[in-house]
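In what follows, a structure is listed as C-alpha cells, so that the remarks can point back to it.
The chains carry the letters A, B, C, D, E, F, G, H, I, J, K, L, M and N, assigned in the order they are written, with residues numbered from 1 in each.
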Amino acid sequence: MDSNTVIAAVSIFTAGITIAIGSIGPALGEGRALAQALSAIAQQPDEASTITRTLFVGLAMVESTAIYCFVISMILIFANPFWNHFMQAATR
Amino acid sequence: MDSNTVIAAVSIFTAGITIAIGSIGPALGEGRALAQALSAIAQQPDEASTITRTLFVGLAMVESTAIYCFVISMILIFANPFWNHFMQAATR
Amino acid sequence: MDSNTVIAAVSIFTAGITIAIGSIGPALGEGRALAQALSAIAQQPDEASTITRTLFVGLAMVESTAIYCFVISMILIFANPFWNHFMQAATR
Amino acid sequence: MDSNTVIAAVSIFTAGITIAIGSIGPALGEGRALAQALSAIAQQPDEASTITRTLFVGLAMVESTAIYCFVISMILIFANPFWNHFMQAATR
Amino acid sequence: MDSNTVIAAVSIFTAGITIAIGSIGPALGEGRALAQALSAIAQQPDEASTITRTLFVGLAMVESTAIYCFVISMILIFANPFWNHFMQAATR
Amino acid sequence: MDSNTVIAAVSIFTAGITIAIGSIGPALGEGRALAQALSAIAQQPDEASTITRTLFVGLAMVESTAIYCFVISMILIFANPFWNHFMQAATR
Amino acid sequence: MDSNTVIAAVSIFTAGITIAIGSIGPALGEGRALAQALSAIAQQPDEASTITRTLFVGLAMVESTAIYCFVISMILIFANPFWNHFMQAATR
Amino acid sequence: MDSNTVIAAVSIFTAGITIAIGSIGPALGEGRALAQALSAIAQQPDEASTITRTLFVGLAMVESTAIYCFVISMILIFANPFWNHFMQAATR
Amino acid sequence: MDSNTVIAAVSIFTAGITIAIGSIGPALGEGRALAQALSAIAQQPDEASTITRTLFVGLAMVESTAIYCFVISMILIFANPFWNHFMQAATR
Amino acid sequence: MDSNTVIAAVSIFTAGITIAIGSIGPALGEGRALAQALSAIAQQPDEASTITRTLFVGLAMVESTAIYCFVISMILIFANPFWNHFMQAATR
Amino acid sequence: MDSNTVIAAVSIFTAGITIAIGSIGPALGEGRALAQALSAIAQQPDEASTITRTLFVGLAMVESTAIYCFVISMILIFANPFWNHFMQAATR
Amino acid sequence: MDSNTVIAAVSIFTAGITIAIGSIGPALGEGRALAQALSAIAQQPDEASTITRTLFVGLAMVESTAIYCFVISMILIFANPFWNHFMQAATR
Amino acid sequence: MDSNTVIAAVSIFTAGITIAIGSIGPALGEGRALAQALSAIAQQPDEASTITRTLFVGLAMVESTAIYCFVISMILIFANPFWNHFMQAATR
Amino acid sequence: MDSNTVIAAVSIFTAGITIAIGSIGPALGEGRALAQALSAIAQQPDEASTITRTLFVGLAMVESTAIYCFVISMILIFANPFWNHFMQAATR
C-alpha cells in the first residue's frame, strides 16, 4: 500500500470511530440531566422556567464535548492537513 | 489488495461500526429521559404539557449526537472525499 | 483474495454487526421507558391516555436510532455503492 | 481459500453472531418491562387490561429490534446477494 | 485446509457461540420477570391468576429471542445451505 | 493439520465454551427468581403453594435456555453431522 | 504438531475453561438465593421449613447448570469420542 | 516443540487458570450469603441456630462448584490421561 | 511505509481517539452535576442563583479535562513538532 | 526454545496469574462479610459472640477458595510433576 | 522504520492516550463532588460559603491527577529527553 | 533469545502483574470493611472496642490474600527455583 | 531496531500509561470522599472544621497512590537506570 | 534484540504497569473508607477522635497493598536481580 492509501484509510476509520465513541458520553449525560429536569419540573412546577433555562445552558455545555469530537471528525475528512500534504507532494 | 479495495473496505466497515456504536448512547439516554417523563406526568398530570414540551426539545438534543454519527456514516458511504480522489485518479 | 471477495466479505460482516450492536441500546432504552410507563399507569390510571401517547411518540424516537442502523445495514447489503463500483468495473 | 469459501464462511459466522448479540438487548428490555407490568398489575389490579394492552404493544416494539437482527441473519443465510453473485459468476 | 473443512469448522463454532451468547439475555430477562411475578403474587394474592397468565405470555415473548438463536444454530448444523452447496459441488 | 483434526479440535472447543457461557445467564436468572420466591414466601406464607408452583414452572422455562446450550453441546460431541461426513469420506 | 497433540491440548484447555467459566454463574446465583433464604428465615421463622425446602430444591436446579459443565468437562477428559477415534486410528 | 512439551505446557496453564477463574464466583457468592447470615442473626437472634445450619449446608453447596474446578485442576496435574498416553507412547 | 506516512497515520489516529475517549468522562460528569443542580433548584428555589453560579464554575472545571484532550488533539493535527521535524528534514 | 524453557516459563506465569486472579474473589467476598458483621454487631451488640464465631467460620470457608489457588500455585513452582519429568528425562 | 520514526510515533500515541485515559477519572470524580455540593447547598443554604470553599479546594486536588497526565503528555511532545537524545545523535 | 533471558523476562513480568492484580481485591475489600466499621462505631459508640477488634482480625484475614500474592511475587524474584536450575546448569 | 530505540520507546509508552491508568483510582476515590465531605458539612455544619481537616489528611493519603505513579513515571523519563546503562555503554 | 535489551524493556514496562494497576484498588478503597468516616463524624461528632484513629490505622492497612506494588516496582527498577545477573555476566 502506498502512503496515500494508508493516510486515507486511517483518516476514514478514525473519523468514524471518533464520533461513534464520542457520542456515548454526551448522550448518556444529557439523557440523565434531561430526566432529572423533568422530575424537577413535576416536583416544583412554579420553577419550570428557571429549571428549563438552566437545563438548556447545561445541555449546551455537555453537547460541547460531542461537538469537539464532531469537529475533529470533520477536520479529518474534509480538511486533513496530512492528506493535503501528500496531495501536494503528489501534484508537485 | 489495491488502493481502491482498501479504501472501500475501510469505508464500509467504518460506516457500519460508527452508527452501531453511536446508537448505544443516544438510545439509552433517550430511554432514560422518556421513562422519567412518564413518571413525572403520572406524578404531576397538570404539568403534562410543560413536561412533554421539555421532553421533546431535550430528546432532539440527545438525538443530535446520533445524527452526527449518521451523517458521518452517510458521508463515508455516499460522499467519501478519499474515495472520490481515488476514483478521479483512476479515470484520469 | 481479489477485490470483489474482500468487499463482499466486509459488507456482509459489517451489515450483521451493525444491526446486532445497534439493537442493544434501543432495546434496553425502550424496555426501560415501557417499564416506567406501566408503573406510571398503575400510579395514575386517569392519565393513561396521556402517558400512552407520550410513550409511543417517545418510543418512535428511540426506535429511530435502531432504524438508522437497519438502514445502513440494508444499504450495505442491497445498495452498496462500493460493490456497485466494482461490479461495473468488472463488466466494463 | 477461494472466493466462495470466504463468502460462505463470513456469511455463516455473521449470521450467527448477529442474532446472538442482537438478542441480548431485546431480551433484557422485555424482561424488565414484563417485570414492571406484573408489579403494576399487583399494585393496581383494576387497570390490568390497560397495563396488559400497553405492555404487549410495547413488547412488540422492543421485539422489532430483535426481528431486524433475525431478518438480516436470515437474509445472510438464504438470500445473500453477494453469495448469489458469486454463484452466478461460477455457473456462467 | 480445503473449503469443506473451513465451512464445517466455521459452522460448528458459530452454531455453538450463537446459542451460548444468545441464552444470556433471555435467561436474565426471564429470571427478572419471574422474580417480580412472585413478588407480585405475594403482594396481591387475589390477582395471582392474572399475574401468572401475563407472566407466561410475556415469558414466551422473551423466550422467542432465545428461540431465534436456537433456530439459526440448528440451521447452521443440520440445514446449512452453504454446506449443502459445497457437498453438491463435491459430488457433481 | 488435516481436516479431521481441525473439525475435531473445533468441535471440542465449541462444545465446552457453549455450555460454559450458556450456563451463566440461566444460573444468575434462576438464582434471582429463587431468591425472590423465598422472600415472597416469607412475606405471604399463605400463598406458599401458588408461589412455589409458579416458581418451578418459571424455572423450567429459564432452564430451557441452558438446555438448548447443552443440546447443541452434546450434538457437537456425539452427533456432529460434519464429523460424520468426514468420517464417511475417510472410510469410503 | 501431529493430530494427537492438537486434540489432547484442545481437550485439556477446553475441559478446564468450561468448568471455570461455568462455575461463575451458578456460584453467584446460589449465593444470592442462599442469602435471601437466610433473610427470609429471620423475617418469618415460623416458615423456616418451607423456605429451607424450597431453597434446596431450587439450589439443585441452579446447580444443574454447573453440573452440565462438569459433565462436558469430564467427557472431554475421560470419554472424548474424538480422542478415541484418533487412538483407534493410530492402533489400527 | 514436541508433543510432550505442548501437552505439559497446556496442562500447567489450564490447571492454574481453571482454579483461578473458578474461585471468583464461589468466593463472591459465599461472601454474600455469609454477610446476609450475620445480618439475619442480628435481626433475629433466637433463630441463630437455624440460620447457621442453613448457612453451612448452603455454603457447602456453593463451595461444590469451586471443588469441581479444583478436582479438574488436580486431575490435569496429577492424573492427566492425555499426558499418561504420551508417556506410555514414549516408553513403549 | 516511509517515516512521513507512519507519523501522519499515528497522528491522525491518536488525535481522533484522544478526543473520543477524553469526552466520555467530562460528559458523564457534567451530566451528573447538571442533573443534581436541577434537582437542587426544585428543592430550594430561593437558592437558584447560588446553585447556578456554583454549577457553572464547577462545570468549567470539569470541562477543563475535556479541553486538555482537545488541545492535545489539535496540537497533534496542526502543530505537531515531530511532523514538523520530518517536514524540515525532507525539505532540507 | 527447548522444552525446559517452555515448561519453566509457563509454570512461572501460571503460578503468578493463578494467585493474582484467585485473590480477587475471596478478598471481595471476605470484605463484604466482614463489613456486614461489624454492622450486625453495632445493631445487636448482645449477639457479638455468635456473630463473630459465625463470621470466622464463614471467612475460613471463603478463604478456602483462595487457598486452593495458593496450593496450585505452590505446586506449580515447587512440586511441578511435568517439570520433574523433564528434569528426570534430562538427567537420564 | 528508523529510530527517529519509532520514537516519534510512540511519543505521539502515548501523549494522546495518556491525557485521554487520564481525563476519565478526574472528570467523573469532579462531577460527583460538584453534584453533591449543589445538593448540600440546597439542603443547607446557610453553609453555602463553607461548602463552596471546600468544594473548590477539593476539586483542585482531584484536578491535580489530571494535571499530572497533562504534564507528562506535554513533556512527551515538547520536552521529550529520548527524542532530544536521538536528535543530538543525528546532528552530531 | 536464550533460555535465561526468557525465564528472567517471564519472571519479572509475572512478579509485577501478580502483585498488581492481587492488590485490587484486598484493597477494595478492606476499604469496604473499614467504611462499615466507622459507620458502626458512629451508630453504636459503646461497642467501639468490640468492633475495632473484630475489624482488625478480619482485615488481617483479607490482607492474607494480598500477602499470598506478595509471597509468590517475591519468590519469583528472589528464590525462583526455575531460574536457579538454569543458573546451576550454566555454571555446571 | 537497536537497543536504544527499544528502551526509549518502551520507557515513553510506560511513563504515559502508568500515570494515565494510575490517575483513575485516586481521582474517583477523592471525588467520592469530597462529595461525602460536602454532604457531611451540610448535615452537621458545627463540625465543619473537623470534617475538613480529616478530609484533607485523608485526601493526601489517597493522593499518595497517584504520586507513586507520578514518581515512577518521572523516573522512567528523567532518571531511567536502564537507559543510563545503555548510554554509558554507547559512550564507552 | 539481545538479552540485556529484553530484560530492560520488560523491567521498565512491568515497573510502570505494576504501580498503575496496583493504585486503582487502594485509591478506591481508601476513598470509600474516608467518605464513610466523614459521614460518621457528621452523624456522631462526639466520637470523632475514635473514628479518626480507626480510620488512619485502617487506611495504613489498605495503603499497604499499594506499597507492596511500589516496592516490587522499585525493586524491578533499582535492584533487579535478573538485570544484575546479566550485568555481571557481561562484565565478567
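Throughout what follows, a residue touches a chain if its C-beta (ideal position, glycine included) is under 8 Å from a C-beta of that chain, and two chains touch if they have at least 3 such contacts.
Predicted, not measured: the structure shown is a model, and the values here were computed from it.
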* **Minimum number of chain-to-chain touching steps separating subunit G from subunit I** => 7
* Structure fact -> Common contacts of subunit F and subunit H, by label, are G
* Structure fact -> Cα superposition of subunit A onto its copy subunit F, rotation angle rounded to the nearest 5 degrees, comes out at 130
* Type of subunit D:subunit E copy interface by residue overlap (half), same or different -> different
* To do: State, to the nearest whole Å, the distance from the C-alpha centre of subunit K to the C-alpha centre of subunit N.
  => 21
* **Centre-of-Cα separation between subunit I and subunit D, whole angstrom** => 37
* Structure fact -> Here the gap between subunit C and subunit M, centre to centre from mean Cα coordinates and rounded to Å, is 43
* Asked: How many Å are there between the centre of subunit D and the centre of subunit N, using C-alpha atoms for each centre?
  -> 48
* Using the touch rule from the top of the page, what residues of subunit L touch 2 or more other chains? -> 1, 11, 13, 15, 17, 19-21, 24-26, 28-32, 35-37, 39, 41, 43, 55, 59, 66, 69, 73
* In graph terms, nodes being chains and edges touches, is this line, ring, star, complete or other? -> ring
* What is the order of the chains around the ring when you begin with subunit I and head toward subunit K? -> I, K, M, N, L, J, H, G, F, E, D, C, B, A
* Asked: Which residues, counting only subunit G, touch subunit H once they are in their complex?
  -> 1-2, 4-5, 8-9, 11-13, 15-17, 19-21, 23-32, 34-39, 41-43, 45, 48, 52, 55-56, 59, 63, 66, 69-70, 73, 77-78, 83, 87
* In the complex, subunit I residues that touch subunit K -> 1, 3, 6-7, 10-11, 13-15, 17-22, 24-26, 28-33, 35-37, 39-41, 43-44, 46-47, 50-51, 54-55, 57-59, 61-62, 64-66, 68-69, 72-73, 75-76, 80-82, 85-86
